[in-house]
Amino acid sequence: MDFSIPDKIKSIIETIDTFVREEIQPLEEDFLTSPIEQTLPKLEEKRKKVKDLGLWSPHLPEEYEGMGLSLNEFAHVSETLGRSPLGHYAFNCQAPDVGNMEILLEHGTEEQKETYLRPLARGEIRSCFAMTEPEFAGSNPTHMASSAVKDGEDYVINGHKWFTSAADGSAFAITMAITNPDAEKIHHRASQIIVPTDTPGYELVRNIPVMGHTGEGYFSHGETRFTDCRVPQSNLLGEEGRGFAIAQERLGPGRIHHCMRWIGICERALELMCKYAVSRELSPGKPLASRQIIQAWIAESRAEINAARLLVLQAAWKIDKEGQYASRNEISIIKFFVAGVLQKVVDRAIQVHGGLGVTDYTPLAYWFRHERAARIYDGPDEVHKAVIARRILKEYGVQTSI
Amino acid sequence: MDFSIPDKIKSIIETIDTFVREEIQPLEEDFLTSPIEQTLPKLEEKRKKVKDLGLWSPHLPEEYEGMGLSLNEFAHVSETLGRSPLGHYAFNCQAPDVGNMEILLEHGTEEQKETYLRPLARGEIRSCFAMTEPEFAGSNPTHMASSAVKDGEDYVINGHKWFTSAADGSAFAITMAITNPDAEKIHHRASQIIVPTDTPGYELVRNIPVMGHTGEGYFSHGETRFTDCRVPQSNLLGEEGRGFAIAQERLGPGRIHHCMRWIGICERALELMCKYAVSRELSPGKPLASRQIIQAWIAESRAEINAARLLVLQAAWKIDKEGQYASRNEISIIKFFVAGVLQKVVDRAIQVHGGLGVTDYTPLAYWFRHERAARIYDGPDEVHKAVIARRILKEYGVQTSI
Amino acid sequence: MDFSIPDKIKSIIETIDTFVREEIQPLEEDFLTSPIEQTLPKLEEKRKKVKDLGLWSPHLPEEYEGMGLSLNEFAHVSETLGRSPLGHYAFNCQAPDVGNMEILLEHGTEEQKETYLRPLARGEIRSCFAMTEPEFAGSNPTHMASSAVKDGEDYVINGHKWFTSAADGSAFAITMAITNPDAEKIHHRASQIIVPTDTPGYELVRNIPVMGHTGEGYFSHGETRFTDCRVPQSNLLGEEGRGFAIAQERLGPGRIHHCMRWIGICERALELMCKYAVSRELSPGKPLASRQIIQAWIAESRAEINAARLLVLQAAWKIDKEGQYASRNEISIIKFFVAGVLQKVVDRAIQVHGGLGVTDYTPLAYWFRHERAARIYDGPDEVHKAVIARRILKEYGVQTSI
Amino acid sequence: MDFSIPDKIKSIIETIDTFVREEIQPLEEDFLTSPIEQTLPKLEEKRKKVKDLGLWSPHLPEEYEGMGLSLNEFAHVSETLGRSPLGHYAFNCQAPDVGNMEILLEHGTEEQKETYLRPLARGEIRSCFAMTEPEFAGSNPTHMASSAVKDGEDYVINGHKWFTSAADGSAFAITMAITNPDAEKIHHRASQIIVPTDTPGYELVRNIPVMGHTGEGYFSHGETRFTDCRVPQSNLLGEEGRGFAIAQERLGPGRIHHCMRWIGICERALELMCKYAVSRELSPGKPLASRQIIQAWIAESRAEINAARLLVLQAAWKIDKEGQYASRNEISIIKFFVAGVLQKVVDRAIQVHGGLGVTDYTPLAYWFRHERAARIYDGPDEVHKAVIARRILKEYGVQTSI
């Protein structure tokens, strides 16, 4: 076993870490306390700087002007970017675009790549991924009513989606819809289809109010409706009926990105906790850091973050080595384990900050609100646990339903 | 021992419960997803209805057109109102006004009562309580820099405060300031002084951005500054140097109100959890409620809420019977115990709701955000625990500092 | 509501508390570190003293030379006795005899009372209750294979039981067996039958090794076997087919006893924790009690014990007032809530004691071992939670299976 | 990063795993339910087999007839042996002998090696390590009263020790005593001295009753007393005044052994949990494994064990690479993290087993009792957390005392 990080990656991380601290973090106060319009122009400037520094699109191959990092390498970068709520966006590797780029890269036709991937890779447009439907439990993604019916050269799509993150302002939506309702296996029924948002019949109904904000632009979650929405069949991604398979493939790397981003949040929260603990005085000369419970929280956070990171890196290593199928348990485990650590660490950091912790003068309250969903999206913790247990128990000779 | 609730109170609770469900809860969606101006006029109508029904100001004596309930009786009412974020306001018993009314009632001169209490009691004005200072740890309220110096007939106040809840739009601020800096005992140094907000030198610097919102009007937390702010000495509440003593007296009943409000939130969250669990289907005919973990959360929530309520009612009974001093541990215990239950129950309710839980289509996300402070304000949990332990350990012969 | 304890009970508790501290606790060291034979004679002397003081059999009516306390009154006594692992035995109200006495009192014929209850009440014999079977999950008591078949004037019993507590040395076993296998309702099939342990066909197979000890005499858990074991039909308790109903009736009061005993353990553990914390020095003049985490554990234990006690007393009050059926949820809730508090408090007390905590120089390690079963017997926590939730969810219109 | 295990180690682990399952686990029932004398002769036979298979003393160099494994390699072996309470003893790498062998190997003179290490390595004798004193908090090992005073060629030792594990039957005790009371630095005062147990003045006062057992032979914890106990100065280990330094050096590898043993226990507990869950039926055809809470426990255990193992292996890797000093935080972190996982996993496994879980028919109850000390010995969790936090906070510019 070898736990060392290659020097090349260390150096990249260091550069990015410095950039995030010096260029991105200073934008946070505005971002957290003012309408987003105030921050966006400054953020665009930073994106230009990132490009100039050659740090743009770390996850993309050089052919698409990215850094060409492997999954493992990008994992470390994702942690570093996670330090700020603006980090991934500044480097053009924000969800859901990062996943959409991966899908297009892997399954897109040349034409699709030119039309959709290139401008995404350049950061000229944004996109969204329309899967979850309000009428069905998100824990079972095969449970879906949206349909895409062939008609001439086109698909005619009807459906209702929500939690379509960043739909507001997106140029296109990769849309999951049932194309093969009669396929024997339920997970062979859906396909992924590119729907430009200016297609008649596509509608962003509203931005869903989430944790007190309807949000806007990139920072929003849309409710979308497709009414006889007609797109050419050439907009199909991959083969028909392979929608879930493609989503599944995207899941492992996506999980690694997310989890490393959460670990970045944890590291920042721990840093804020320590800084505040040493600077806040309970009485002259006696900092908050002298309290044993604060110390215990710092040590527990350190231990849990270290554990979480090792689990994620090991999962990334295994995906790389044995593929996603063999790594299903690892991918499920990091989902609930890291989300749990995230919630604990952010909660402790807020408590250490006292009243300041619930204000928007630190990013802690933002993460407290918006990362609560970490235990919910992509399947709630409880579903992941049941799925893992079912696989383990199979080795003991029993099939259990979840 | 007798755990029964008198029929009179049962009947009042029932009436109020029906009112909250039928008249107040329907306002929540607007309140949670629109600017507050949209909800305020409707809320004013409800306040009129409450008056007409004779349910106004349940905590005030009939002399002030209140219901004249005892602490214990009001505790039950406070739980019922807690079901909605708008409940207490609709019944004119919202913090901090409810506490300010109690202080004025107990310590105000006749003139102060006429000028400040009467309009508060009628709901014509609002008020705030300016104590916490950003430069000092909130866990030690005697730690304070604001001063009120006598000059002629006046006090001249200088100071800096924050988390002055509902300062925006308040007619006056009950302000804690050091009047007797040389008093031997540190808690004999401060006084409470009424400062009308139109006094020159009083400034609402800003509404503090809390959990993503700067808020406005009643629903805000102000940063306030007093610069050579001059008020007549007749604005002193009670005796000089008794500021902490008066605050202390207000603490016990205030804690009971708060904790019962939290229990009301818990009951609503549990109700929402159950309703959603029975209505959401995992697959046809199989509701979410069939899952064992959901069942465990419901049972645990039921147990914890029952336990929390008994602790609070017992504390209220003891305050009533043996006074606040004898009940200090009980008053501290409910602070952290009930706040802990609150956070757990709301968190579970969100998790049961999945994606819906983080939206503003239920009040859960609102409570998740705004009641995070429950473990912080009025002294963080950790301070309360140390204080309780210190008292217990004294019985074993040891003085320990916290 | 009235949380006060009547003076009469206060005075009884005080007397018993003093007796336990001065007469019973000094026997603990021997009990914990030597074979039980060494302690038994001394314990017999104490039992005589208890009789002389008029404190014998607090749960029995005066007709049976008991103290004639109500369920509520006995609850307080049970807590006080729970301070020592020897408390209940010294006062002749130890499980399972206490439950058996209650059954005989309520359902026994005059002859049964003379033969079995009188000597039990006098403490001349001991008894056991044979219900759980190793082949069936204890969480479903109606799941049972033992049978009692009528033959002439007799029942012929065949069956296999375990966790028959205190079987070793018992004069008789109240035995659950299926007498009416064809009854439509599963819980109308079994009966309770008195089986003297010298009946041919009755066999104590072994004492089960539990937590490192096979135990002996009263302090043991037996595996028992009934092979064509023949007893007269007059040994039937109550009506045929009413076995579960009688067990059920015994459940509520039994739960109150147990839970109050657990609370007594918690109080003793907290007392030991505090005593050790003030006496152990980390460095000269700096006791362990000065550490914030120790303080937090003391405060949390105090809060949780108070909450647990109120829940149990409220359940006892409700049983008394509205009967057991109406109080089913309360009876289930205290099972898992108090067991959880018990485990946490004992665990903390051990941790405070460091190495000493795992030795047998305090009763903490004994409770740690033997009260682990608290979360298991009479139905594991998880089953109780599901049962409670099912009842709550029924109010929301859904029947869920557990 | 590379998380793969070398084939050589995989193959050794497989062999040992098979041996433990087929040869050692079958001895457990006797070990758990009978006096130790019954198991010892069988265990000796197994030890012979282990030697014959070339698996003896995996931690020792080949020069001492060991397997010559590195710390990392032995870590994996230690996990495999941890599956059974008898595993390490059967392979001659049981604590405290394993640590004593390491000390002798590193610091012993040739003569000491011949006299003490050789017979230990061959398994002909046993030894103990006398450090902890009942009068001082174990959390601060430099706090010690035992002294060794030079007199002629000898040291004259006086002192009182407890928790001297396996003292009963040991041939010698490595004893910590103050030799340089005037050394400026407190951790330069003590030395390690070999004391043969037949030395006059050495006394095994008693075996301490721990968790219900006084234990005997290897399976015991002694209280020892040194009264004018005279040994030649040639029995000094390493240099005078270096006692703590040597203990410290032994700490890192010792921690790795222990933690991997705990992980072995966890793996066995999880295996037992799964096996029981699939075999126990709640009703015909519906195994316990179908319950969602059981499934959650299995998944959580899997996640936590994986995380714990990665932390330990990374610590071992870092010790190997950067030395113990640089790895202090990692060594402290695994102490409390793995001990916490251990307690949770064993507790869940017991709960899954219901009544069977508290019996001695599985090793779970043994571990529940005897591994409770994991959170206490070598410094309680709370001390480790404070120490870690202190180091972290130093980077933020503050020195905090623990």
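First chain written, first letter: the chains are A, B, C and D, and each begins at residue 1.
In the analysis below, a residue touches a chain if its C-beta (ideal position, glycine included) is under 8 Å from a C-beta of that chain, and two chains touch if they have at least 3 such contacts.
Bear in mind that the values here come from a model prediction, so they are computed numbers and not experimental data.
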Farthest chain (mean CA position) relative to chain C: A
Interface with more contacting C-beta pairs, comparing A-D to A-B: A-D
Length of the line joining the C-alpha centres of chain A and chain B, rounded to whole Å: 37
Chain centre separation in whole Å, for chain D relative to chain A (CA means): 43
For chain D, residues that touch 2 or more chains besides their own: 291-293, 296, 382
In the complex, chain D residues that touch chain C: 32-33, 132, 137-140, 143, 162-163, 208-214, 280-283, 288, 291, 293, 350-351, 354-361, 365-366, 368-369, 372-373, 375-377, 380-382
Of all residues in chain C, those that touch chain A in their complex: 291-293, 296
Interfacial residue positions of chain D with respect to chain A in the complex: 1-5, 72, 274-275, 277-278, 287, 289-290, 292, 294-296, 298-300, 302-304, 306-308, 310-311, 313-314, 317-318, 321, 329-330, 332-333, 336-337, 382, 384-386, 388-390, 392-393, 395-398, 400-402
